[in-house]
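Here chain A shows up in two complexes: once beside chain B, once beside chain C.
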Partner chain A sequence: MTKFSLLDHESVPKHEIIAEGELKSVLSKFLIDKEQLPKIKVQDPVSKEIGAAVGDVVKITRKSQTAGEADYYRLVIE
Partner chain B sequence: MANVPPIPKRIASIKFGLLSPKEIRKMSSTPIITADTYDDDGFPIDMGLMDTKLGVIDPGLRCKTCSGRAGECPGHFGHIELVAPVVHVGFNKVIRKLLRATCRKCSKILLDPAQKQHFLDQLLAVEGIGHMPDDLINEAYKEASKVKSCPYCNEEQLDIKFEKPTEYLENGEKLTPTEIRDRFENIPDDDIMVVGMDPKNARPEWMILTVLPVPPVTVRPSITLESGQRSEDDLTHKLVDIIRINQRFQENREAGAPQLIIEDLWELLQYHVTTFFDNSVSGIPPARHRSGRPLKTLSQRLKGKEGRFRGSLSGKRVNFSARTVISPDPNLSINEVGVPMPIARILTMPSVVTQRNIEHLKVYVRNGEDVHPGANYVLRTDGRRIKVTNMNKDDLADKLEFGWVVERQLKDGDIVLFNRQPSLHKMSIMAHSVKVLPNKTFRLNPAVCPPYNADFDGDEMNMHALQTEESRAEAKILMQVQENIISPRFGGPIIGGIHDHISGLFLLTRFENHITSHEAYDLLRRSRARNLPEPAGHDDDGKPFWTGKQIFSQILPEGLNMEFTAQVCAHCDTCKKGDCVNDAYVIIRNSELLMGTIDEAAIGAFKGKVQDRIIKEIGPEVGSRFIDDMTKLAIRAIMRTGLSFGIADEDIPKEARIQINEVLAKAEDAVQNLIKSYLNKELEPLPGRTLDETIEMSIMQKLGKARDETGGIADSHMGLENSAVIMARSGARGSILNLTQMAACVGQQAVRGERIRRGYSGRTLTHFQVGDLGSDAHGFVKASYKSGLSPTEYFFHAIGGREGLVDTAVRTSQSGYLQRRLVNALQDLEVQYDLTVRDTRGVLVQFKYGEDGINPTKSDFSKPDTIHRIVRSVVDKKVA
Partner chain C sequence: MSISEATIDSMIKDLPFPSSTLNALREDVLKAGVSKKEMEEIIEKAMEEYEVSCIEPCDAAGVVAAQSIGEPGTQMTMRTFHYAGVAEINVTLGLPRLIEIVDARKIPSTPMMTIALSKNDPEDYAYHREKTRALAWEIEATKIDHIADVTTDLSQMKLIIDLHEKAMEGRNITIDQVKDKFNEELNVLVNISPDIDNQIVITPGEPSYRELLQLAKSIHNVTLKGIEGIKRVVVRKEGEEYTLYTEGSALRDVLQFEGVDRARTSTNNINEIYEVLGVEAARNAIIKEATDTLREQGLTVDIRHIMLVADIMTCDGEVKQIGRHGISGEKASVFARAAFEVTVNHLLDAGMRGDVDKLEGVTENIIVGQPIRMGTGDVHLVSRKTGRVEPEEIKTEEE
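This part shows the complex of A and B:
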């Protein structure tokens, strides 16, 4: 069986685990706790693919009809 | 916003079950044994239906259970010990199924152990994935009731018949509730689980009542009539009946009465308990009040439109509101609503008495409730509310003090909310200022019909009078009609000219009208414009004249510059812009209409570019004033020439008729040729289509083209002197297709986008040969509405028309439910000041509203045009 990456599919937007420093700036930008971010499960195929662990925050860069590109952040949960 | 708990509160689980006799006795505060309610002194009798242990409703008394006063005490249940068990009507279905599924001797479920285990496993699995187990349970019942003899004790199973309302017959012999209860008692716990019941919370024998809970008095309060006589609630009446029969039953049984009498009494007890729960069971006469009115018992309180759920919990009624029929009044501003005098005299606005307004308010109070504008109530600082009457109005006016509140009647200029159901978008409720008018209907400017989706064929609308200063301020700033002209749905104006407004301005601005000064002033009489510009020229007799374009320019606010194509634009290959032969290129320079025709694209609702630009560049106030002036000018303009439509306007010349017939005959021939080649198997199928689909498609295409061609012929014989053409071209009402159908040819009737094929086998109607594929056999209507349809054409037309009706009916219900689900899912989301979208917990949903943070009402039809325009206006150069 050939291995392929989920992220290569055109419908799957770019997912990346963000560093501590970037996370801090994101949280302070929106004046929120990590808990107030939208969530993503560790079992989610994309989480597995990028090797995210519970407590990580994933940055998703989506194509947007209105803005061209839009950044979303999700907290990885069980 | 930090440190918000993840979820405010969550219901962990809800448990449903049956009340066991033990539980009923445990929650009961007293047994009820006498059917009497009050003694001679009017005091509740102990162990009667109004026992103070059940709670109190009379002021002054204290509850014997919780020692709370009336209002504090929530009420407590009592119980009646039934002499003999009776069936609970609500469980008839389950009782019947259980009787059929259990052994008549050993009470075990009639399934072998393997089957039982199978169902138990399945139930567990279904529960695990959170599905409803109903289907599975019904299957278990079905399997068990098929068994003829018990697999455990070999007892032969007899046929159980259920007879309405509460009788069970086993091989024709009646089963008493006692027998049923005995059988149920013996069902082992493990067996009960097989049919999806939880033996801890719902033993089947609890469906046969031995003890009846008596609802608290607070649930069935008695009322004291004016005569001082007490009148009891329907439930109390029913409970009295139950206790009486229960007592008689006991007496008779103790006295050793014959079996027949006992059975009769048992049946009577069953009847009363049944109707206590539900007085609309089929098969028994409903229990009636002495006056002959059916009693309203427990299930009647909950069921239906006026029941507890739909009537009391989901449905709320509101004070300070009015509802009546609407009618149009073009003389009102779009920001106004005409309120009938009788309504204005009832609805009130509270107004605190201060130094500044005391003299005004005194006048209102002195006017009383009969003279408008008067006052209906006065609230003193001590909280007393005094009705203003003709007797006390002068007295009250003199006594008026600072700090009192006068509830004065609605008058001109008050802000009210106006609403038409279904309230599908925010423009369904807007704030208007009141204009009190005679007669009995709400009046509104016809230009605000589109946002409400209202017309005047009998529509009713609701009005709400705002009661606080804050709400009035908020309504005025956020909800007034002028603030809602631009719809957030598409970033354009939803309010603008409709029907005659468009036709009127089209007639005024399209043609080279010579308007005398007299006429010009008459046209502008109702608008704010007061002066005329330099005349456009002089007639032969030396009198000055003005053009329609000049007149229209007078109502444009200052500093307006724009260019756009009008609705009448013919969409030429290359636009000649300023040299347009159709006068379809509109140029407004410095608030003067230099050229072009004003039509739907300029001032129409949903499309009008002029009011859109005015609001976005100058402001909503000027915008609403423009719409007011524009509608008034348009109406005067259409009255100047008049615009009417009659059957003669559908006339086309003889040669046109001949041409149309030729086109139709040619199409008919083409279709016959297609059919011939299809039958000879010479037809080439289109890619991805079968041969049958191909022929259908080509026929449809040929006939569609033919219809359009006939429309073109008819159109070429009707010019802009035809009022239907004026209305269709300007976008006021109707389309060229409507005109085609009236004058030339109605065209193909379709069901689900296909030619009509239903009817008899092989043919649509018996007028045609079996297998006829021709145009007239499948719903092509050659005739026009004017010439009249043939009987077969008429029939096909009705088929096509019916589909349209069914479609709209289905669509509205489906989209309504879709809307409801969306609203329920999204109602708590809010756009914050930092442009994030968050729920009530502060959890982010969108990091930037719409991902670009743009407010659609501030964008030009959601296109980047605004930026281009601003850059151009600053640097006077085009941007890429």
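This part shows the complex of A and C:
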């Protein structure tokens, strides 16, 4: 049986850890601090899958019924 | 003279539209064939339309969402049980289900799974009735009542279990498996009867009536085969494909089975989705379950309102309920919390701790009688003095 990746599940959108530079441009776009982003837990199954550490910011590319595709950001927390 | 595809692409590339709008615009323009001047005009009009349909800054999005879901909610049936189109499986619908979703209950009152089957080749599970049936028996929890009659022999101080051969065959379980399972689970003496076919005799650890009666009860709870908590599995054919529906939910266990399509299998238990697939999948599940519940009742609520609710419920990385122990109970303001529920306790606790309320939210400002910081109330006007205005001048104007 092949290994199953959670990210292949139809209701799990694409998650990726973003680099420092991209994070800066995101934060300056919304005029916020990193701590004001929505959160994702480090024990979250998907956090574990992509190997995110506390303090990383995860970019989530959601399939949206209204916008087609929407970017969302979550800060990894304890 | 219409412009080329590449020109159109470069013209719409930098527009601030969401991708669905961009694609629709691109397709329509390509189909119609427009000149450069027309294209510019279209873009201008589209931008205008887009700005009109965007939410205004400082608009009370949450209140609008609450009312937009609440009003149709008054028309929902109070208590409905329905067979939801799925063969014989009972699911909670209507208002009770909606409340269950926003309350983020750990276990819904009628948990249910939809198990999609793998369909990699034409001989795979999804197209194969026998394979599907066999898998269904593997998943469904088999208890002793399904395959046998149990009699309590008080004179001999033992339980006699007469297994039905046909039922065992159907569920693909053998007498030895039953015996081993009881041995493992109950810590009692289990024997296969030497004289009579398909009979198991169980003798309690110590010969007392209490023990015997207790044992007679507890053997009904032993899961001999399958997944604990899956009470029933129904096989349905949809189009070309077989799908399993289960009463009871155990997503993590089911995903381990061979033949289950792990990418498309789902449950209506949102908490389980959160634990197995993560917070983003849980958010999607909240949206799906809430829209399905509303749609089934014939109510249309714009999905944006439900998306807002789902976002708020999942914004801290876990699924929080809308209520005392969730969103409303965690507000920063003392007044806002006191206005919601258990007023006296909140005020008392805040007083003892010496909490400070900065009056930044809506509720607390209404309580103290100030303009709220929404809409025009959130805008502060600062004027730059250009020249000195004589007090006398103002006076005369007023008069």
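Here is the rule we use: the second predicted complex is superposed on the first by the 76 of 78 C-alpha atoms of A that agree within 3 Å, B and C clash if a C-alpha of one lies under 4 Å from a C-alpha of the other, contacts with A are read in each partner's own complex, and residues count from 1 in each chain.
As a working rule, contacts are C-beta pairs under 8 Å (C-beta built on N, C-alpha and C of every residue); 3 or more make two chains touch, one makes a residue touch a chain.
What you are looking at is a predicted structure, and each value in this text was computed from that prediction instead of being measured.
Q: Touch check for A:4: first (chain B), second (chain C), both, or neither?
A: After superposing on A, A:4 lies in contact with chain C but is clear of chain B.
Q: Does the superposition put A:64 against chain B (first), chain C (second), both, or neither?
A: both
Q: Report for A:25: first if it touches chain B alone, second if chain C alone, otherwise both or neither.
A: neither
Q: With both complexes superposed on chain A, which partner does A:38 reach: first (chain B), second (chain C), both or neither?
A: In the superposition, A:38 contacts both chain B and chain C.
Q: For chain A, which side has the bigger count of touched residues, chain B or chain C?
A: Here the partner covering more residues of chain A is C.
Q: What is the contact status of A:73 with respect to chain B (first) and chain C (second): first, second, both, or neither?
A: The answer is first: A:73 touches chain B but not chain C.
Q: Taking the stated contact definition, name every residue in chain A that is touched by chain B in one complex and by chain C in the other, in rising order.
A: 38, 64-67, 70
Q: Going by the contact rule set out above, which residues of chain A touch chain C in the complex?
A: Listed in rising order, the residues are 1, 4, 6, 8-13, 15, 38-41, 44-47, 60, 62, 64-70, 74, 77.
Q: Considering the complex alone, what residue numbers of chain C touch chain A?
A: 18-23, 255, 258, 262-264, 266, 273, 275-281, 284-285, 288, 303-304, 307, 311, 314-318
Q: Taking the touch rule as given, give the residues of chain B at its contact with chain A in the complex, in rising order.
A: 1-4, 6, 834, 836, 838, 841-845, 847-848, 850-852, 854
Q: What part of chain A is in contact with chain B in the complex they form?
A: Per the stated touch rule, the residues are 30-33, 35-38, 64-67, 70-73.
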